[in-house]
Amino acid sequence: MSTPQSYEAAVAGSPDKVAEFDHGPQSFIQKFQHALHVTPSLVPLIVLVMSIVIFGLLLGSKFFSPFAMTLILQQVGIVGIVACAQSLVILTAGIDLSVGAIMVLSSVVMGQFTFRYGVPPVMGVAFGLLCGLLCGYINGWLVAKMKLPPFIVTLGMWQIVLASNFLYSANETIRSQEIAEKAAFLQFFGEKFKVGGAVFTYGVIFMIALVLILAYVLRHTAWGRHVYAVGDDKEAAELSGVNTDKVLISVYMLSGLICAFAGWALIGRIGSVSPTSGQLANIESITAVVIGGISLFGGRGSVLGTFFGALIVGVFTLGLRLLGADAQWTYLLIGVLIIAAVAVDQWIRKVSV
Amino acid sequence: MSTPQSYEAAVAGSPDKVAEFDHGPQSFIQKFQHALHVTPSLVPLIVLVMSIVIFGLLLGSKFFSPFAMTLILQQVGIVGIVACAQSLVILTAGIDLSVGAIMVLSSVVMGQFTFRYGVPPVMGVAFGLLCGLLCGYINGWLVAKMKLPPFIVTLGMWQIVLASNFLYSANETIRSQEIAEKAAFLQFFGEKFKVGGAVFTYGVIFMIALVLILAYVLRHTAWGRHVYAVGDDKEAAELSGVNTDKVLISVYMLSGLICAFAGWALIGRIGSVSPTSGQLANIESITAVVIGGISLFGGRGSVLGTFFGALIVGVFTLGLRLLGADAQWTYLLIGVLIIAAVAVDQWIRKVSV
Amino acid sequence: DEKVTACLITKTDTNPFFVKMKEGATAKAEELGMELKSFAGKIDGDHETQVAAIETCIADGAKGILLTASDTSSIVPAVQQARDAGLVVIALDTPLSPIDAADATFATDNFLAGELIGQWAAASLGEEAANAKIAMLDLGVSQPTVGVLRDQGFLQGFGIDLGDPNKWGDETDPRIVGNDVTAGNEEGGRKAMENLLAKDPMINVVYTINEPAAAGAYEALKSIGRENDVLIVSVDGGCPGVQNVKDGVIGATSQQYPLMMASLGVEAIKKWADEGVKPEPTPGKAFFDTGVALVTDKPVKGVESIDTTEGTNLCWG
Amino acid sequence: MEPILRGRNLVKRYGKVTALDHCDFELMPGEILAVIGDNGAGKSTLIKALSGAVIPDEGTVELDGKPVNFHSPIDAREAGIETVYQTLAMSPALSIADNMFMGRELRKPGWRGQFLRQLDRSRMEEVAREKLNELGLMTIQNINQAVETLSGGQRQGVAVARAAAFGSKVIILDEPTAALGVKESRRVLELIQDVRSRGIPIILISHNMPHVFEVADRIHVHRLGKRLCVIDPKQHEMSDAVAYMTGAKEPDPELSAA
Amino acid sequence: MEPILRGRNLVKRYGKVTALDHCDFELMPGEILAVIGDNGAGKSTLIKALSGAVIPDEGTVELDGKPVNFHSPIDAREAGIETVYQTLAMSPALSIADNMFMGRELRKPGWRGQFLRQLDRSRMEEVAREKLNELGLMTIQNINQAVETLSGGQRQGVAVARAAAFGSKVIILDEPTAALGVKESRRVLELIQDVRSRGIPIILISHNMPHVFEVADRIHVHRLGKRLCVIDPKQHEMSDAVAYMTGAKEPDPELSAA
């Protein structure tokens, strides 16, 4: 064994400190930008609070009341649940275009198993959840094992699942009255309770619980860290010991399962089982995720942000409607909001910490 | 100046040949896979020919006739044109969700300028084309200069343009008979001529010409090479001297312009100007692009492939309908087709040349 | 001065039919010094947005809701919630199921609308009706109820045996060449017509869900030079549609009266707010029938109709 | 003495390219084995085949004399083989601690760990800081910093520290100093010697001949997808090694048999 | 003699990091100037500021004594400055010829070029092959091969050949041999000397001291975002250079003024 080359020895005695540069004076804007950078869900939270305040000032107690506030929660309930599923998938740098279709098919399965085959409602629900899980598994398998792009897989599955839904249900709606009479369990998530003027449904409680659980799991468990790692750099995660296939399949399965729960909550919300529901769930869930600050490139953002994102859309929709704005103007403004949200996000990302 | 380190001199006399490995015997499959690898539009072409042959065998002259064949061309005309625009954007690793909305708004502008403001039809068309160009410019500017993800930009623009379309048109349809009487130029692309049993419209001719021109431009001009380079690796393209912002903006503008032409062709096809058309143009154009073998990650594929992709969908749709399958089964099969097409593509990509 | 607020909730705000409805409601509300808020789904069948709209109206303190439901039975719990909150809910155009889930219904009888054009088509063909080749251009794969009612009404009127009257496409009569979906617009109408023509180029009767689909079908027929020997029938009676009847594009169409539905509805809400009185249905029917009239310039024996001049006067009145 | 890690007759093809061409490999206990060769000779592919990142088309891998079948890097890690790949394999948006414990996270003791599966963040951070300090490798202010905010050299350091901290059987380093400056390279070399002194054998791929000759016990010369020969740096000149690996000179037949 | 390329007082900040901290720079006509420094010292940022890839927050760049304002690498290229970036900057799916002519494609003569804007493929391929052969750098069988199918060394070769072929004023190479083997590195060094012999000055960033001392006429030592000193390799030892750049030793004040 030879010794180090002579010139290399000159390293000895070099300072051990990491290079530190003169930061220069930092403006308030820069500090603020930095705070936003480290807590990604802060931006949607600020936007949410500001929009509530502004609409509250414009509309008074009509808007700024426990009733209206909890109404928004109810209105974003389904989209909020689906957006949780969408968040998981987008965190892995994927996208799930089939969420709406899976939701509807699952709700149809719950209804048809109960009414067509006469299984007990609890079992009907179980089969519906299983159906969502299975659809998610197929998505996950195609993405992880066949290495197909998620956009394509779920684009295809969207059409397949939706067509299956129409074929299987024979386009039949199961009426609310009938369900209430014979299988009220299917409507479980629609049940309400009041706290003062505030009205909550179990569906809303479920959504909030789901958000909190997912936030915990993503932040505080190994699986959660792996979801971020896979979205961040799949190959790197693989090489550093994450079973990426398993993570991906589990994410898509969980997404499918959550969509099935959304389907159950949907029965609670609309009362009936209707195969034509949920056609906009894709776009609306992606919108909530994006406004909530999760990066479409994966690995960055939080499910809390998604929740705030869904609420922002809900607040804008209700607020603008109460102000008397026309529906098309609302859509136009939501379009502007989407672009603006991401522009703000991009500005924050610019900061190197 | 010192001399090379002694040990490095040992390099002298080393063989100059690039390492070549023993290839081992190559199976027919491998050779075929290789051929497909170097000519990406070959796969959709083969699928197209095969599906025509199969439906021809199953359905006989009902399907395999000049009339049916040219009917398919007419049916895919609009989607084919829009898919050309979509191809350009996807080649730059983007996606354009606003194509359908731009198409409809442009056609509405053509109609309204002619009928509401009484400008000559030629000018009406010109304003419509300008409208498409402008929408494309906004998309391109947001993507290139603001560095926002194309998915978000065009998701937002989709809603904005569509809402503008409904607000501006006041949902009024301009009837075919009225247009034929007072502004036949708007229906120019709908005019047809016969060659034996085959029926062509100028819209179809335009689509084919557009495909050929784009194929030429992408392959044989510097701009075309730059489009691929930007999609392949934007930063690399930038550093090696491509004005990527200019390329991106020009691509989105061209996409907008092509969509406006699609709007004009749409008037020709449906006779009237109807603000509710084109709602499926996004999904259908992306489907054609994907089946045509263009990579959603950009930089790979050809516009000829897209053309074949659009035709494959057309052949399947008409073929299945003639076989008596109902609309739902057709959707289901197209879903399967999308996934299968990309799976095949992935298999081909595996080959390292 | 608290203005009385009324809500109008339609399936979409892009279909000209609903645009008219909104016009009628807005005009009437202005006349009566009321405030009108209008809501709509994004696409036909967008049921969730309608539920949210009902909730919004309750929150807004509206006195009543005019509703064309996208999903007639699913909407019932939301409607009940509004009624419990003291609002009067009036179904327009599309009856709820059950029909008495709403306080009142101002609607066209869609089955009857279909039946009229079916009878007209059969009578126009006379003997030849036995050999007719019929194309059925329906709305969408999800088979919404209006679509089913018109489709089945047409077939019944034409004299074809129905299968399950709650769905289309299960009939066995060989005269039906096929069903295809149009999304209720020109583009879909043309493509569906082309598909069915490829199946059988000798089609001579075309049922269409609405007039935009009919216009699209006409373009398809025109492109193969058969526009003059095919009967196209449709439903709606919108002004462009009646014009198309006049121009010979459509043979006959069943006219309905959305503007009337809307203005009657607004009046009823005003009455409810002022006097607490709910509207009564047409005697002998479960709903207030705003009527349907067959518009054609080629009247046939045994089927009552009005001509296009009258149709134009009434169009969507 | 038995080799601790051995590859026999390994073959890996990528389409038309045969990256490994019936290649043999042996690592002895406690040694630093350098692997040298031209660009594209197949060095990275070889170590990927040994560490489960690539599944060879033919051939077998043996650990401690027993055949093993690694289906993924996870299997190899569980068997005690840690690898620093040429591309580093870090998740840029995650913290240093997250990256160090990726795939082997520590859970809280008690019910919170068992039922809530809660991570023991403070413990992981503590261990990570300890490992980095222990190796005297670097002065990182904040263990919760995202890896993307580190300089190339710091990143390389974290990767090497991770391998050194967890590798119990074998540590594999693929060009760990390629992008590093003079000072940073020296630190990594010191670390390598430090690890070896703990008795853990190391495979080092490098193009830097002086470094290779400084630390290696044996040198595996790789050429055209296979092992050309194994040489002893004490008995050979750098110029010999270079001549062999570039094909300028043929090695003695007895060397190739070694 | 006037410097051909000069930077004065250049500043570039990335958020909290000041990558260039009032840095000066001078390149003399016909020389090979090496730039050395620790990882993260700001070398790459410096050459990006000189070549238009980064727009400095403060300071000016002068070419031939005249201030220039490069807004993008295209501007710099048009002024005759060619750069091989550390990340190589190639489009993987495009061919070698496409990559070599990226952004300066040749069009067919006559109407086909003028009106149809048709590329002159055969001419571009011919020139590309000629350039690669002329530089004796490599044996590439097919000039239409996609760059992604080349080995790392071959890619580096194409990038260097491109710069050498088109650089008329200045050629900048950022760690051109970092990933290269012994043989491949030597070829690049030969190429650098070949280019200089054509009278074109070169800026070479490298961590390899022997290589730097072998080819450089002057050495710019970069530390903490600025030029610490400029030394003459004939009058200094490698160990001095290393000691300066790592901060182990302070350079003489007169060196810093140089």
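A few comments on the model shown:
Note that the chains are named A, B, C, D and E in the order they appear, and that numbering of residues resets to 1 at the start of each chain.
Keep in mind that, in the parts below, a contact is a pair of C-beta atoms (placed from the backbone, for glycine too) under 8 Å apart; a residue touches a chain by one contact, two chains touch by 3 or more.
This structure is a prediction, so every number in the text was calculated from the model and none was measured.
Common neighbours of subunit B and subunit D, listed by label, are A, E. The minimum number of touch steps separating subunit C from subunit D is 2. When chain centres are set by their Cα atoms, the one at the greatest distance from subunit B is D. Distances between chain centres, each the mean of the C-alpha atoms, put E farthest from subunit A.
Taking each chain's centre as the mean of its C-alpha atoms, subunit A lies 30 Å from subunit B. As a whole-number value, the distance joining the C-alpha centres of subunit C and subunit E reads 72 Å.
Centre-to-centre separation of subunit A and subunit D, using mean CA positions: 39 Å. Of all residues in subunit C, those that touch two or more other chains are 13, 43, 141.
For subunit B, the set of residues that touch two or more other chains comprises 7-8, 11, 14, 166, 328, 331, 352-353. Counting only residues that touch two or more partner chains, subunit D has 38, 40-41, 154, 182-183, 185, 209, 242, 246.
If you check each pair of chains against the touch rule, the ones that pass are A-B, A-C, A-D, A-E, B-C, B-D, B-E, D-E. Subunit D contributes residues 13-19, 21, 38, 40-41, 209, 224-225, 237-243, 246-249 to its touches with subunit B in the complex.
Those residues of subunit A that touch subunit D in the complex are listed here as 1-5, 7-8, 11, 14, 16-18, 216, 220-223, 225-226, 228-229, 232-233, 235-243, 299-300, 352-353.
On subunit E, the positions that touch subunit D within their shared complex are 37-41, 151-154, 175, 178-185, 207, 209, 242, 245-246. Partner subunit A is touched in their complex by these residues of subunit B: 142, 146-149, 151-153, 155-160, 162-164, 166-167, 283, 286-287, 290, 296-297, 328-329, 331-332, 334-339, 342-343, 346. On the side of subunit D, the complex with subunit A involves touching residues 53, 72-74, 77, 83, 85, 87-94, 98-99, 102-105, 107, 116-119, 121, 138-141, 145-146, 149, 154, 162, 182-183, 185-186, 189, 210, 213-217, 233-234.
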